[in-house]
């Protein structure tokens, strides 16, 4: 490619209609640790591969998956400080939604707001695009939310009454790219090992809506292990969070997967990986295509 | 001649997705003289070389040299542009004070470190701003124990078991990596010694650690949940730690440490 | 229906004559709350050796009208702190939202740090003081109960002026006159706290709630009670006063039909 100066400033199109600065920002993401999200029937799992860049780092700290509101979590791949900026904006959106609307922000709306925010950083030459691709997971409560300022329990029937049969809410998973582009996903992957991870996610047939949250945790751990490239990177730490409905293990909150469960999943992942190596090299073939 | 077009400002990505202005700012950290930080289960320690440029000296010796005690429970050491560090330390002082006034709580370290990280990130995403040209080690204690954090111009902050930044700090880091397992259960005296040894490793061949070029800062969990406040040892005061180090060379290690420890406590 | 919102929901001029809208000020200085509107009455609390017992009834009064009879005036925070609200109910709901937002912000870091009762009391007192300094007070008196930095029982109050006060027994509103002397009889000072069991503290508080119902015309026999210890919070929001005896009323003279 001949660079003709159209790639030196953000918000400038090249003659063939590309915004190079956004493409370069995407390159920053491609070097980040793999991050994935799985939308299960009864919850969402987020997982990230944290490459250990130095032995001096304190193990088990330096968390990379952030809580944005009680029911929303965010994981990103790319420039870590940009990810933190993104999270802080997400928190502002969530809390201002609560302040004005007096209810938790739906996952679809926070994704939309943040998509717009990221997109704005592609419009002006005075800023640079975000060097992160971000996965947002959330659970919208299926319970009837209390009306703010409600005193007493409200009418049982008639105007303002409730239709008991109506149901809403559920899991939500979205991924936002440096361009501001975002989609809803059944399974999302970004970072170094995204190609491998995407392949594995496709095999889970998530669109059928049959995978349970607990299975999702196991799969997420396995996929991060499969996507990790031993030859290029040193050790890594697996960080996982999950969100379930009111009846599930996290009671509608975004929380870290309990250490015991995570270790179990990691053990199973390592075992599955060993078995796979003996069988075939199909996963390696996938990687070459990238 | 090759000319890098992508390094003029901090709002331009290179085709590889790098931001050169931020990387150059990291170089400024490497120009500063070396500082070392490390933590045990009970203490956090910073040791540093005082060879600042005369510019740095003018700015910093007014207020405690290369360290800043930000609050009773934590302090920082810097490598790089001291004036940038001043901005960050003033900000941290405000945050720490605000936490005390609003909640009556010593600010949790992870949060104050994150707040300067977020501030630094902004400088890397907007035209007309420049990244901070300083690296910090933040050491302190809160209710969850002793902590050490590294802050970089990119806005990256990481919790470390031990760390060193500044000129020739790689050799200090190598020392720290080799002795990593000994820090957790080390006494205050042993921890400072490890710090001084790491520091010595990064000195040029002909240099030695003396009371004129070395400073030490210690913070610890005192008895019965009380804090041993952030304490700075400078000038003559450093001699207790340096003596400790030389004694150890000549004599039996454990005996020397115990003797010196008693001396300090009295 | 017309396009003048100020006329909506008002009596028709053609039937009832001209509506006096003078109280709807369209000019003049900004006015803030100058009195509470829908109010909750007493909150009472007492320390015991392992924690604190707090209680408040479930009534929100609109003047002398017992308007809402299922209002919860005790709020928990972090499973370590109970806050009891006396005074204006809408200001209580505002503070409740402020606390919920604080709770979410505190949980971002997930770093093992939690605000205890003492921290929350400091914070709430600051919020109240800020508002009174803006001449726009939150019309409440709060009791904050839980444990302090050392895990010892903590009980303190903050009011609409930002004034703070601590004692081993505290009561707001009418309770300050009726319940406080009774509670002080059992726990006269800080030294006495160590000798009080949870059962004794709960019994004393229940007895006080009864006295308050007998003598406070803005009170209710349905109440909430919470026990805060280091083990957590036991909050019951639907309690009913037991073993009431109105025999004492026989002796009261000077009200209603009993003229002499």
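Read from first to last, the chains carry the letters A, B and C; within each, the first residue is number 1.
Here is the rule we use: contacts are C-beta pairs under 8 Å (C-beta built on N, C-alpha and C of every residue); 3 or more make two chains touch, one makes a residue touch a chain.
Just so you know, these numbers come straight off a predicted model, no measurement behind them.
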Chain whose Cα centroid lies nearest the overall Cα centroid: A
Best-connected chain pair, where connection means C-beta pairs in contact: A-B
Gap in Å, rounded to a whole number, between the CA centres of chain C and chain A: 42
Length of the line joining the C-alpha centres of chain A and chain B, rounded to whole Å: 34
Chain B-chain C separation of Cα centroids, rounded to whole Å: 48
Residue list for chain B, restricted to those that touch at least two other chains: 114
Chain C-facing residues of chain A, complex: 63, 66-67, 69-70, 91, 94-95, 98-99, 102, 148-149, 151-153, 256
Contacting residues of chain A [partner chain B, same complex]: 3, 5, 7-10, 20-21, 24-31, 54-58, 61-62, 79-82, 84-85, 88, 121, 125-129, 131
Contacting residues of chain B [partner chain C, same complex]: 101-105, 108, 110-111, 114, 142-144, 225
Parts of chain C lying in touch with chain A, wherever the complex brings them together: 60, 68, 70-71, 89-90, 93, 97, 100-101, 104-105, 107-108, 110
Chain B-facing residues of chain C, complex: 109, 111-113, 115, 118-120, 122-123, 126, 150
